[in-house]
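This is the structure, below, for whatever I ask next.
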């Protein structure tokens, strides 16, 4: 599905087929309508010319714009001329206006993302993973080990986190590791262990898919697909998961802006899969005392910019076990819909990221505190 | 006071003269003693040699270290040699060990900050501003306009924020502005307006000092000095405020690491003024949708690394009015001791930063929510 | 191939089978041998304990290390203990030493990359693309359009850049685009147009592969595979291109450190394909006046850290047409082996990145200046 | 030359006299001309409204704009309205337009810097330090120790670098150091040693001033004042050096954008001192293998945006001795007017930054290579 302009009236009903969507959060702008981003009379671009632009250059720009079937409204200042470009953005998006002689700047007026924008829905979406709904009033905790290491390991941890209050089980069978010499995950057998843990605990399972060639396999076992930070702009993979029927949690890349994250989500949604969760997991900055810099600014900004639910991963976001609980609580207070936390029953023996795994007892303590803060900000748990 | 090594036993009592310091927060490491950072037998540095370092180079390094009155312990691996340097760090800090031929890396073992380190006190400090204590169980809200613009403006806003629950009044009389053509603050008369607002509301006043030559003037009026982000490494100014008796709130620079912030605090404290608050106010990243990136990771890390109280400024930290409340709540949940929020009764007419000022009514709403989250994490208000 | 320890003597000869490698650059360390990174007696890690670590904790750490068949050498300072871990790094790399109670820091002594490290070869490698050698004395210019748009477009541009002095033709048939609504490349037919341009000009062709499922197709047409910045940590793709016999140019990710880039190259090389070029193409910073920040520091650092040739892409690195020549010249002076430049004969009509394409005449002028600077730093062209 | 607007013919002659410093700019706003940035008919701002902005909000914005004596030109798109604000920017710069209800974005059309902009002069400026001109055809090398340590040290090094080809002597008497326990410089006596070295070698001297209270003292000895990166936004200091008659080299802050750097230069120039050099010295990024990331992109961008000369400091820019020469050559090729390099005759004994000082012999070798690259890009030396 590649709707880029008018959305059929029944479209919203369609996208609602898999998930409930009672609007819990009042629209920030008081609007309840889907906004179509691109129609005949929309102002799409603002071009500002250079002080030394010649009349010929300005005429040439206007002529070219009109030759594409768009309108060009010219406002003349003393030093610069402003050209408003009006018309369907699809026609103009690809034009390299900045390459025209005499142009100083080109400012798009319309947002580059459409289907994921808050205005498209006018309300926040719910995404359902198994029987758990994310994006509603209930705050959801996902937990589990970084890597699946053995059946007993993942089942033991699953039971612990379930008991403590987690609703969704995480665990990696395919692991993206910086070094080719590090543990790369158990692959298919890891997926089977996750399925067994799901059978024993009833928790739906989220796990990462790293490559299009593994997608069918992962889909057989997962309740939710995870796209890792390093694959946030693996556009082939984004397209493919957009063609599945499974919910997808998309993690923000280490140097991705919020807009980049939304554009990557747009890839998935534009293929027809609206069940997308966005996950803030820390960006890379100059700081060296923490593994990453958890950007909680992204939480309220995303809640305003998109209808998709927002998950925070404090484990990777700060990367130091003793500080994870503080960041988990901060994520709740900032307005996240869910957190994902790594838990291990024997961190010293973990095959990956043992330094940042919480012990089950610490996790249980954390869930209690999460519940208190969630209540303080009006969320159930 | 320039103690860099042994601290007399009564030292803690001395520094306690202005502020109470009942240890509310249990020491993270279970220690209740001041740690002296530098004694005869401390391991101070670890030098690792290059694979191609010659025996002559290694001997030369060891000889030089010993010539400074330090011990050099050599451990030989097959490819590299590790030289542990033992002795008072004061003797070794200045030595350019990395400049020696054959050296691959030099890793300091001791932290470069001492007086501000958590271990130095073994408990968290309280800092008193007027009659308000920051760093204790009570969560403190500071609020007020970005700039002092007129007596009625600051007094009106002061009364509003006081009524809503703020305890300390902020307001800038000297304004650091990126452009020389922007409003630079009212200077002395602005300080007088602040003093008048204090008289009318009873709230102590925090205001920025930008230059050593203004310090005496600002000290006449302020209850707490603010050092802005752009002056975080104005070392002359840091030294001078360290010689005053006023509390100092030091804001983190836009590209300052947590360690840099602590080193700048060390400048102030090393002059004898222990009444220092550290303020996280957003760092600069690649993100363009927010003014800065509020680094809440810094909150739990600072609470563990230093005994000084931690303030968060969500106003500059995200810079967009509608998102400030979310970040304020997140700061409380992350463990901050205080937040500072900009409030203006007529943001459209503000002479600076109107875009990010809360209206008094929004601020009142925010304080209620801050109170709930504070209670959820065990803080009074 | 997963060699992680001893390398057979004839190994270098093996890897030399596809490319010549006369050592042009004298070894920086005076070594002419392959260094094995991991043997029985290598010091592999340095663990520093916390000031409050107990004797039990220290004993436990040492016991565990020895239980893995490694040696633990303990040096006691007054406040901290240093434990040197000696033995094959393969055994220790996966151990989460930082997760042990009482540990303050864990510092690896050995570099995490092996096969790509300069020491592994002791000389710089040459990589051959078609009949062009990169990494030797000759400085090589790659050029062509951002995207392949039509047969006449790519052939026309190919002839122009060939005439001006380019040796390798670039052009994208599969395009990674931030927006799903942007031109995504012509795919297979684009590859065929590239092949036709190669036939007409004799220039070997470099083009991007974005997904493992397209790899066989791209290999049919390309002389060199490009891995884009967004896929730098698409580890599945890295492994697969490592199993081909084609040279691979790996572009640095926008938030990748130099070490990350080398680790990703290690993925490719560890599969047996040593014909890897590293490409600096700009990192993401807070700067907004340029598209990216070209990190030329990476050039001399990479030339010292790895034997692989270094390419610089000034087009993406600064992203503004008028400034590309300056950065191209700076890349030559910094010591790069090659530059890649985007050229278009009608930038205003380009389907992607027209703003940053040089005109053929500007490119010709640039090549002349590149030749002068190359000569000034001792490179032929 | 790249004149982009009309500059009176005799203007260039005046400014060409090297350091004419007749205040060309009598007042900050009512300037004495090349480009008036702010006239009655200039388009100054573009306001875009939110999709949900009401007619009342749009009317209110237009009414307020007109009440300030400005024109508001309204262009209506289907979803958003664009309001062009026309009139003297001085009237509008301070208005918090973004704080108005219904506003989505506010884009300034005019650059915020004026006196330092290239268009203001229409040609590049020359700055004279002693008898050395920077910004002309000649490429200038500045060199000397990081800190002045003794008379013999600075004089010895001065003679060495003079002989090798340096034209200006650098050396710090007041040192900004991250730690209060590090060597802080010799102060006044250090200035006297510099003066002695100048007497013996004939080289003019550049040295840092850190605080307004030291300014008179430093002016007695220096030929050029240096403002360090950490003081780039110490606006009080910028104003004060702007009131002296000495040339000023302003170093870019670690997180400063190019625009920030230009705004800080505008502070100095707006006080009447046009003899300003801009120095790129590395920004802070996530990279840990180098001390900073030298942003050579800044060189061509600055040469286009401002008439002020551009200096590059490769020593701090990469911070590792062995890589400094490569970055120095890259700076020349990128179009810098000058480089500043730290040299020490006994780096192991240096009191600061010994790790990054070149030996005199290495420096001599470097100058020869700089001369070759300078010639290749059309610069004399």
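The chains carry the letters A, B, C and D, assigned in the order they are written, with residues numbered from 1 in each.
Simple rule for what comes next: contacts are C-beta pairs under 8 Å (C-beta built on N, C-alpha and C of every residue); 3 or more make two chains touch, one makes a residue touch a chain.
Keep in mind it's a predicted model, so treat the numbers as computed, not measured.
S.K.: Identify the chains in contact with subunit B as well as subunit D, in label order.
M.R.: Expected: A, C.
S.K.: Most remote chain relative to subunit D, going by C-alpha centroids?
M.R.: A
S.K.: Counting only Cα atoms for the centres, state how far subunit B is from subunit C in Å.
M.R.: From the centre of subunit B to the centre of subunit C is 40 Å.
S.K.: Determine the centre-to-centre distance between subunit A and subunit B, using the mean Cα coordinates as centres, and give it in whole Å.
M.R.: The mean C-alpha positions of subunit A and subunit B differ by 33 Å.
S.K.: CA centre of subunit A versus CA centre of subunit C: separation in Å?
M.R.: 29
S.K.: Multi-chain contacts in subunit C: which residues touch at least two other chains?
M.R.: 255, 283-286, 288
S.K.: Make each chain a node and each touching pair an edge, then name the shape: line, ring, star, complete, other.
M.R.: complete
S.K.: Spell out the residues on subunit C that touch subunit B in their complex, using ranges where they run on.
M.R.: So the residues of subunit C in touch with subunit B come to 29-31, 35, 37, 39-44, 46, 48, 50-52, 73, 75-80, 82, 84, 86, 107, 109-110, 119, 284-286, 288.
S.K.: Along subunit B, where are the residues that touch subunit D in the complex?
M.R.: Residues of subunit B touching subunit D: 4, 64, 90, 93-94, 96, 98-100, 112, 176-183, 210-214, 230-231, 233-237, 239, 253-255, 260, 263, 266-267, 270, 283-284, 321, 347-355, 357.
S.K.: Using the touch definition from the top, list the residues of subunit B that touch subunit A in their complex.
M.R.: Residues 28, 255, 257-259, 283, 285-290, 293-297, 299-301, 304-305, 317-318, 320, 322-323, 326-327, 329-335, 369, 372-373, 375-377 of subunit B touch subunit A in their complex.
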